[in-house]
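In the two complexes below, subunit A is the common chain; its partner is subunit B in one and subunit C in the other.
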Partner chain A sequence: MTLASTRTKAEQALSRSFEAVAAELPGGRAIAEARKAAIGTFAALGLPHRRLEQWKWTDLRSALKEALPPAVNERHELSASIIDAALEELAAIDAHRMVFVDGRHAPQFTTQADLGGLEVTPLAEALRPDGSASDALTDQSITGNEAVVALNTAFMTDGALIRLAKGVRLDKPLLLLFARSAREGRLVTLRNRIVLAEGAEATVIEAHLALPGAAAGQTNTLTDVRLGPGARLAHVKCTLAGERASHLATWLATLGQTSVYRAFQLTAGSGLVRNNIFALFKGEGAKLDISGAFLGREVEHIDTTLVVDHAVPGCESRELFKGVLADRAHGVFQGKVIVRPNAQKSDGKQMAQALMLSPDAEFDSKPELEIHADDVVCGHGATAAEIDEDLLFYMRARGIPVAQARALLIESFIGEAIDKVEDERLRVALAQMAKRRLTGLTAAQP
Partner chain B sequence: MPAVQQTIDQVRRIDVDQYKYGFETTIEVIKAPKGLNEDIVAFISRKKSEPAWMLEWRLEAYRRWKMMSEPTWANVHHPKIDFQDLHYYAAPKSTEGPKSLAEVDPELLRTYEKLGIPLKEREILAGVQNGSRVAVDAVFDSVSVVTTFKEELAKAGVVFCSISEAVRSHPELVKKYLGSVVPQSDNFYAALNSAVFSDGSFVYVPQGVRCPMELSTYFRINERQTGQFERTLIIADKGAYVSYLEGCTAPTRDENQLHAAVVELIALEEAEIKYSTVQNWYPGDKEGRGGVYNFVTKRGDCRGRNSKISWTQVETGSAITWKYPSCILRGDNSRGEFYSIAVSNGYQQVDSGTKMIHLGKNTSSRIISKGIAAGHSQNTYRGLVSAHRKATNARNFTNCDSLLIGDKCGAHTVPYIEAKNASAHFEHEATTSKISDDKLFYCQQRGLSEEEAVALIVNGFVRDVLQQLPMEFMAETQKLIGVSLEGSVG
Partner chain C sequence: MLEIRNLRVKLAEEDKLILSGISLEVPKGQVHAIMGPNGSGKSTLAYVLAGREGYEVIGGEVLWNGEDLLAMEPDERAAKGVFLAFQYPMEIPGVATMTFLRTALNAVRRSRGQAELTTPQFMKHVREEALGLAIADEILKRPLNVGFSGGEKKRMEILQMAVLAPTLCVLDETDSGLDIDAVRIVSAGVNKLRSQDRAMLVITHYQRLLNYIVPDKVHVMADGKIRKTGGKELALELEKSGYAEFKSKALESA
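Moving on, here comes the complex of A and B:
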């Protein structure tokens, strides 16, 4: 198609800003080469557009009108109290913290655990010529030629590299905070890696927040999760990127034999979000549970696209995504479960539900199954509807005012997804954060 | 849970090497030279003695087609089709154009007899012979050879004839409705069809008339290296009702044959159209050689208030099926339905489903799809349900189940659900059709073995689709009734 060869302003700007900042990006020669190759891949692909099946409902080419300059060495004046305030209920959770501001590690706010078997390294350090460099680049085979991943490789500045040794159990959650403070719009590019060796156990919270006064920016973040045999990871991502901000996120997870991966994503108050999740079962008997709650208002656009690949027999996957859409918000859910030939005894279940509060809201979903084995149990479902009048009537008949009844129904709808978080304190904190935003959401509705 | 033995046996019975309609009729034919250009389009138009506007319409479609490229999004794989290496027109020499039964070449009548579609009229009308009163339009390669019960239908005011005849006898209706549901440039294959369609059926049921009998078309591809491009246009005027059946077969050949049809249905206010298909094209042999490539555009337009269109299909044939019978629910309170059982065997590839496009207020749709894949086949359900901004109170319920028999085949589900309206209620379900323990327990309590109980419950379950079929098709689908969906996956 000749269309692809004409590049939009944003696409050209991205290629140009790479030239401008390439020298300042961390990494030795090998990394510089990899970055160059990646920007070449991006130049060939361009930003994903609606003619690409996976981007049918999220047309980045038309949504990203401009490319912001990459944040390379932003200055910031911050205090721990500003950060705590931005973390809301998460601040009260007793956790090891690692804080990144505008795409750079901020060691003054990081409270690292001195725990045997836990290694935490900022990516920028690892990328240094003497660091464990090339190993920080992600295995491309899982995502193919993804433009968003290519941009991440080209521009990544920092992130957390976490390694938990065999059998080690992390005493408390590890909170990775990625905050934005820049007063001018910047592109922040992050890459994380979480590796749990055999039998290791951890809870990791990824929080992406805008600090007060921060300009709307663009984020491209990638988290690579690798679970060894029998490892257990609870992974929570909280995206509160800010109005008009764009947030492109990729999770790549590979699950070893009998490992357990429980993930949850809360997304709210963000202009444009794409959460791309690729999960691959590498060892038999592994379990995966990915859930999410998304709250959209005004013209926010929230897209969750996930691919669960049952490449080996005997694995179990569960997904539950629930969204509340107000005003002209647009929600997207694309979920694909693949069961490879011979992946017998696979068990997959997927559900996406949206509650539409406004006549102008839109929810598009595509729960997809691709099954090549005959002895499997797979199911999926998707619903889109407004609040059930009967339920509302029932509650009103029992004396609950309509506004409260609506709020309760919405809260319980979202609550089903949040309930999937096992850690109680974390669950309560997330529910509180969601509730606060739901109040804002429902108040404005007719 | 793997498929139960009974299911495996049932599917085996309709496996590709069991194809019964693979014989060939030797008959003299007139063919257009191979290839496609404006001259061939004009040749077909001339053969059909069409008026100038029709030729112009075809040429416009041809020009649009030349600028289009083949769609590649479907989950089907085949070598590139050389559209210049095909005959676009083939007609039995003796029967160029429909005639009365008495004039039809006996060889053709014998062919249809062998296919189980006896083309008889007088005996049935006179009550000499028992037979179902079904009017048949028999299409052989590029032409309609005969249409039965025409006079009988005319008494009720129903027009049932081949489309080439309709172009000549009812130009005002054809002009008004042809291409109004599937425009010439709708997609690659529809454009091709618009340029070269040779025959097909035309039905017009006037206001307030309930069509007195089932109408049907039987399509037969016979010639080598010939594409069949039929076009069907059915119009149900205000308050009318019609039920239409379509059947199709082709001889066993080791080359692939192309079939690219377009079906347009138009239901005006309070009208109802029921369209049923038993698609039994030659599926290719055990190694996947030969078989029909079936690229079909079928779409119904519920144009008036309270109108209803329902598609029912039972598919066992074709090497490749690419077909999405759809409903545009334009009229307020209109309803669309889609019931489908698709069984794929051998190396068959099925990419089929439906689209329900809700535009009017209070529209509703229902999709029930059962896919069964065996052998090395790939069976994909692809569907779209969308509610536009003004389609308040749109309702949809979708249920698609699939079953795999063996570990070399694949079953896929690709539903697209777009709700642009808060009052839309969309439910998509592709659950494992696990039989509820309660039902099973109930049956077993009454002395049935588990296997028998499963078969009983499943038969009742599949009947959801089958009971939508007119009686005449029951025999053809009987063999599928027993197919159990136990162990199926979403």
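Moving on, here comes the complex of A and C:
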């Protein structure tokens, strides 16, 4: 039996797509080789499926029925006002902007950050034979053989390469907008890298949005985060990919000594989302705080899977994820905290909670601790609950109409995660965006 | 005027009769006390007036200003002026007390056809009332009732009552768990609200509260029935004799 014969239609189509577009993908010979190797890896692995522990609730092999043609050189006609409208409250945040449309940098919407010590380069430029890209782009040391990462390496067309020099503090957030506009379904593959040298500080927002009229597409995005000693990064991802769209995201973060990584993910209005996060403590005394809010309705599927690796002593990790699931939505949370044998004084806490608005909604969670050191403080938990009827009654007895009481309870539930965002303007913007979607969720309920 | 006529209530999920024919009238401008041993059905009566689920009315009626209270949703009742100060106030994580008060007040004002208050008007109004109840500003910023002491929760109930300005006030054991200073503060808050347009039903297990909130009438409840009605002196009698007289029947029937 040959490999190919056991491959699904989508898997075969991905391999064929690669052959078709390989020549048009950016990069010199070395990159082309890396892409080829990656598609080979993918061909051997296939799409992740439910028999793999990390994918047991998100079976891509059965969920991805077809592979869309890769967006290589899509044409688009857009205006700044369309983009601002799509950004909702994020548009009002004073930020340096870098805009990508259908997997390609759109320089006309990018504002040039003129700041000493900050380098921002579109990946496609860096990949040119004379460009600055290094083999770091194809480094798979953290994830090993991950099919989704392999696909990302094979197909990546563009993204943001950000480097902040030693001690530089970014004056305002950097907003990376990844918009989809293609009227036909396309596969968009993005690769970003955020490198903060020693003591550098930044806020980076990734917004993944569908513009009005965009067809449901597929996205594979990877962001590689490297924090030097004492660096601080606030990293926000806002995923509003659109109905029936699929969105596979990978964050790889390595944290240097005493660095601080604060991450937040808002996910809503997206057909199928897998947010994979791998965080590795490389230097002692570093802190990690990853939180998120996810809102699912209809048959949406939102999966957050993270692995936090305490490879060195004295680091702290916190994760808090809150989801609201309506209709037949399916939420998944898998969180694994590994404490390596020498990683004494590790401190890890993890919590995932879902609010179930419908008896047909589903929440699967697996918080996991793998501890090989003895002097550690680690805890985790997961809950799924319905709206508390007693609380609802209490609020109604105060005159608050039932729909409003529900909305307030749901909002406050989600609010606990959103409150983790330290930047106030950003926190308020995200809360508003979440609230807009909550109204949609609660209105649909009896 | 609150009119309760032969009200019979059972648990919705079980065949357990809790109120076995309550009749009571509280005219506007009056304060009536309901006293009775634990388990006699006082809270059930309060909940049924406020519209809590889990109870089934199998007989009788409740009229408030001539309208059928039992046909209304809980928030409609609040709009009509009904307020229940809970025996066990709920904690609402993530909702700041101020936000909660404002949401409730605006909802009630809207439903009564009144304009919403501006933010400064609202803040001033709440702060004034809070001051009288010795509730610190800092507490108003915290999530409602979360981490509040028993006394703080009870004072918060009275603050909500003062802010929402209801016309039918049902207070369920607002004094339980309070020390004497707190009873005084709470009572002063309640007395301030006594007026010709308000009817109040003060439920308590102990006579002590009624030294401060002096009722027009006292009803003794046991086994889901009003067993005796009298003036304020009835509370003092009960203080001496206890509920033994009423309890004995409960034991016999048990």
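Here is the rule we go by: the second predicted complex is superposed on the first by the 437 of 446 C-alpha atoms of A that agree within 3 Å, B and C clash if a C-alpha of one lies under 4 Å from a C-alpha of the other, contacts with A are read in each partner's own complex, and residues count from 1 in each chain.
Convention: a residue touches a chain if its C-beta (ideal position, glycine included) is under 8 Å from a C-beta of that chain, and two chains touch if they have at least 3 such contacts.
From a predicted model like this one, the values you see are computed outputs, not experimental measurements.
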item: Touched partner set for A:400, first subunit B, second subunit C, both or neither; value: second
item: Which superposed partner A:354 touches (first subunit B, second subunit C, both, neither); value: first
item: Of subunit C and subunit B, partner touching more subunit A residues; value: B
item: First (subunit B), second (subunit C), both or neither touched by A:391; value: second
item: First, second, both or neither for A:381, with subunit B first and subunit C second; value: first
item: Partner chain(s) touched by A:413 [first = subunit B, second = subunit C, both, neither]; value: second
item: First (subunit B), second (subunit C), both or neither touched by A:362; value: first
item: Partner chain(s) touched by A:341 [first = subunit B, second = subunit C, both, neither]; value: first
item: Touching both subunit B and subunit C, residues of subunit A; value: none
item: Contacting residues of subunit C [partner subunit A, same complex]; value: 50-53, 73-75, 77-79, 83-84, 86, 89-90, 92-95, 100, 103-105, 107-108, 111, 143, 160, 164
item: Parts of subunit A lying in touch with subunit C, wherever the complex brings them together; value: 389-391, 393-402, 404-405, 408-409, 411-413, 415-416
item: Contact footprint of subunit A on subunit B as seen in their complex; value: 1-3, 73, 389, 392, 402, 404-432, 487, 489-490
item: Residue ranges of subunit A touching subunit B (in the complex, touch as defined); value: 53, 341-342, 344, 354, 356-386
